[in-house]
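In the part that follows, the structures are each spelled out as structure tokens.
Okay, so chain A shows up in both of these, paired with chain B first and chain C after.
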Partner chain A sequence: MKKIKWLQKEFILYSSKIFTFLLIGISISCCLAGCGSKDSENTLIVLNYGKYLEPEVLEKFEEETGIKIEYEEYVTPENMYTKYRAGAIDYDLICTSDYMVEKLIQEGQVLEIDFNNIPLSQNLDQTYFEFSKSFDPENKYAIPYFFGTVGILYNKELVDESKVNSWKILWDKDYSGQIIMADSVRDSFMVALKILGYSLNTTDETELKEAQDLLIQQKPLVYSYLVDEAQDEMIAENAAMAVVYSGEAGYALEFNDKLAFSVPKEGSNMWIDSWFIPKSAKHKEHAEKFLNFLCREDISMMNFDYVYYATPNSKTKESLEQELQENTTIFPPKSILDNCEVLKSLDDASTTKQNILWKEVKAADY
Partner chain B sequence: MRNLKRQLLAGPYLLWMAGFILLPVVMILYYAFTTTSGHFTMLNITSISASIHLKSLLLSLKLALVCTIICLVLSYPLAMILNNMKLKRQGFIVFVFILPMWMNFMLRILAWKMLLSNNGVINTLLETLGLPALDILNTPSAVVFCMVYDFLPFMILPIYNAMSRIQKDILEAAKDLGAGNIIIFFKIIVPLTMSGVVSGIIMVFVPALTSFAISDLLGGGKVLLIGNVIEQAFMQEYNWNLGSGLSVVLMIFVIASMALMSSKGEEGGASVW
Partner chain C sequence: MVKKSVERIYLSIIFLFLYLPIVVLIVLSFNNSKSKVQWGGFTFNWYIKLFSSKSIMEAFGTTIFISLASALIATLLGTLAALGIDAMKKRNQTIMIGATNIPLLNADIVTGISMMLLFVRFTRLGLSTVLIAHITFNIPYVILNVLPKLKQSSRTTYEAALDLGATPFYAFFKIIWPQIRPGVFSGFLMAMTMSLDDFSVTYFTKGAGIHTLSTMIYTEMRKGIRPEMYALSTILFLIALLLLLFMNFRPSVHKEKGDAL
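Then we have the complex of A and B:
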């Protein structure tokens, strides 16, 4: 009887102690950070997607140049935007997706890259700079890092393969409860807009409304809305098909032979993740040094091995095994890319409208 | 002198309170009543009446209520059984109930996600036994189930605590005067454990109402609670003003439910927390 009271008391006692220690700890570490600031001349603060860079690359860069890298990760471009705009950390170099780069360029938050400091950028295939022009018209601000498409990752044993060449299979009642849809506004609307034959950058209200109706119709069939976990669920065979990025599909295929990937004939989204130097940068030269380093053949190869997404680095691609170069899941062929659109940044009013439409989908009864 | 020392001792906590409780609340209030350009507005608060927000608030209230009722129904008899056990075993059994709380809350949710998934442990087991598969992952039922699992100890402990404080003499006296078990239960045990029940309800209802991680992971993105709407406003839409406005509305609901419950609890003696 007493024991439990004792436990509670003890808990309260300890928790207050822990809080105190935490507080002291925090203040001490703040002090230390403050004292250590004289060292900050020689650092580089990098913000990137999760699992999007071989950790050894960072070590190697530190070894070769003596510049210390502070590396931070985020989940979605919107998360990145929130982090960057919160202004607590002066990031020197950020990697994110096409439409978010465009948004930040429009807001005047991006510094021009001095390509004279990045001689190795000529390792990158000019084609992808051409694609980048859709969000960076003069190729002044961004350097492509990885690219790919969006398509359907499916389980060959559970899905009729003759139908996966169309997004419409995601509305097929035979697969009720086995479909994983993208949990991101732009990607989900892309699928619906492509079925309807509209541009994925449309701001036309009736077109978006039609797409929303389709998505609400689909909801009863959906197993779950996921982003990063979709590939894991497919590897575990918890669902028959999922809307995923081509790079993730390539990764999943390595783990489960039953899986295959298809980019539907209605067309899809081609995405390019690029590096840019934000206005907050305090170490622009270091950032450019790091960009040059990333373009180096061996480093780019290390990153490719780790991330397994399509690399725009032609030197790296050429040195891959023939079989891998011809893997259409990882390296989408030109015929598919020509059928794809790059996402463009929408104006604030359209973004808000689309967000509300998406929220209504997520809140809809099913 | 002694007084000063005491005040100094409270210093770290006061600092903590100012920095991590008071300041965030003030900031939320500021954001809630301003537009992105800093002008005063009530729109963030009134946007709760937008159909999506209202719907998710009602769903949150409903799931939190269901979760609280299930916890109560499970905990009350359990607390009675525990209380009637021999003293030696009691400590051990209470320990068993607290044990899951030693593990990280997020890990436990992820574990349930694995267990409940289509090809998860539970379904494989059911299949080998020839039973139909359990299809509750990514539904509101899974969300409520996990809430109950996570918050149950917060209901058991205060009820058990209140129950163990009832002196056996009172029950014996009632028996001597001819009261039956049913009368003893309703006239003595229930009123005397009311304070524990009230704290239990608050400690389960409030976190259930505001939770968003459970619905995100076990609802498969299909169950949109008010917590998820707020999280999205902050993280996805970069609309801190809207997120803050909705948080303020949610806070009002939390404070109202606490006030309602504690006004009832006072009759039953000192509350536990």
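Then we have the complex of A and C:
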């Protein structure tokens, strides 16, 4: 009996010692993990939208240059903004949407790109640099990555095709309960403002008010306000038409032959996602090397296959099959683009005002 | 009769709502089409792709490491904290419980952002910061699970053991530990699930290049979640189910043995 007790005592003593060692060990390893990243010279920290770059591209870049990429993803530009501005991580390269690039440029958070280090940027079509001027007036800061428009994704069997060339079809009572509207302030107001013939970047209160009235009028006809789920609803044929981004429309078309996409004649929003080098960059040369790499024809092709949005890389586009090049859903033709506007970043007061108007639309009774 | 059938219908409706989404997920993991709403035939393709995808397997490894390590450390610290709190005076107890519950009541995103701001002051964000953050929000769950068990246990037995010459350690493992063990285990399991689930805190405290499953799935939302994720979720669900079955059947075996003795 006594022996057993003694053994137990011994055991407890040992186990407590082991516990302390464990604790010390864990805390030391935590410290090491925290401070030990000193070999950060040869790295590149990239921040991008989720699923917006073929993972193999990263591996290839690491193989070819020996630079290690720390790849990070985010969901919404606002999300990215919070994390970037907290200064938590010294990002070297960020990809985001037009208006967010503009906001960061205005705040002095963006470094000029040295285009001499990116000779392959010649592969990019000059047209898209022209469009980029709306948020980067001198084309000093941003390199376009993917672009597209907003339009109506519709089911050919349910919708009169002669009418889908106008946003007005979304107010047609014949399609009551079959319309999916965009559940986002700027996109919904864009539709209403375009019908009224105003700019989608307007800050004029009466114009916005008119647009709001129109959106409230439309409410009884709307099946649902959706963002990303719209494409699946359309593939499942739960609705007749939806306001979606061209990239998503291209995806939906692959799954259901009855679907088609149209950018209305009143004009629409053209979005451009671009790369820029933020002020926090510690490895600017690496970032430029990577940008050059992304512009390379084969790499850009890999990314196009993966993302399937319109690429500004004319070399890549030319090497695609003729049929795909002429696919107006994925590659909006110049005639449509000329009619489109790029979203501009609004000042805080206007953003708040528009958000309130949108909330009133969503809360309105009908 | 009527009562019985109403009961049955009610129960089956509840189960339907609980498990239908999971069934849909499992079905989709065998769907030979990337779409969420179209059936493209049966395939094991996503399972094969899942295991050959470096990024997913890495994220999976990180997730398991963080949740296990954080739950383990939090269980240790939380149990010690509960012991301390239990020994306090009533007033101090209330204050301490209130203080430890703050991370529990705080919105995840607030905890996440405030932790990030704190970490940025002192160190680079990395795996360790995620681990520390997870330990922090896990501790209250452990305390909440252990404290009631301590309250139920009798202090007098412990004191009697001390009077009879047992060392505090010996008395603890002989008297207190067996009584609080279920609480410690449930605290550990709860901490682990919380850590597995968490998105907001992880998102804001992780360094570049570190992914967990939750942050990975979340960032994929904009462009549609990879079907490989359905496959992984199915596997995780099955593992959880097996664990649950195991946990529920084991104690009964134990009890029978105890009765027999």
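Here, the second predicted complex is superposed on the first by the 330 of 366 C-alpha atoms of A that agree within 3 Å, B and C clash if a C-alpha of one lies under 4 Å from a C-alpha of the other, contacts with A are read in each partner's own complex, and residues count from 1 in each chain.
The rule is short, and it goes like this: a residue touches a chain if its C-beta (ideal position, glycine included) is under 8 Å from a C-beta of that chain, and two chains touch if they have at least 3 such contacts.
These numbers come from a predicted model, not from an experiment.
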Which of chain B and chain C A:85 touches, first, second, both or neither: first
Chain B versus chain C as contact partner of A:106, first or second or both or neither: neither
Touching partner for A:126 - first (chain B), second (chain C), both, neither: neither
Which of chain B and chain C A:235 touches, first, second, both or neither: second
Partner chain in contact with A:176 - chain B first, chain C second, else both or neither: neither
Partner chain(s) touched by A:70 [first = chain B, second = chain C, both, neither]: second
Partner chain in contact with A:52 - chain B first, chain C second, else both or neither: second
First, second, both or neither for A:224, with chain B first and chain C second: first
Shared chain A contacts, counted only where both chain B and chain C touch the same residue: 8, 16, 19, 23, 76, 82, 233, 236
Complex contacts: residues of chain A adjacent to chain C: 8-9, 12-13, 16, 19, 23, 26, 30-31, 33-35, 37, 45-47, 49-52, 55, 69-76, 82-83, 86-89, 91, 228, 231-233, 235-236, 251, 255-256, 307
Contacting residues of chain B [partner chain A, same complex]: 12-13, 15-16, 52, 55-56, 87, 90-91, 94, 98, 117-120, 135, 137-138, 157, 160-161, 164, 220-222, 224, 228-229, 232, 234-239
Touch list for chain C against partner chain A, complex: 33-38, 54-55, 69, 73, 76, 113, 116-117, 119-120, 123-129, 131-132, 167, 169-170, 173-174, 203-204, 207-209, 211, 215-216, 218-224, 226
Contacting residues of chain A [partner chain B, same complex]: 1, 3-5, 7-8, 16, 19-20, 23-24, 76, 78-79, 81-82, 85, 177, 183, 185, 219, 222-226, 233, 236-239, 351-352, 355-356, 359-360, 362-363, 366
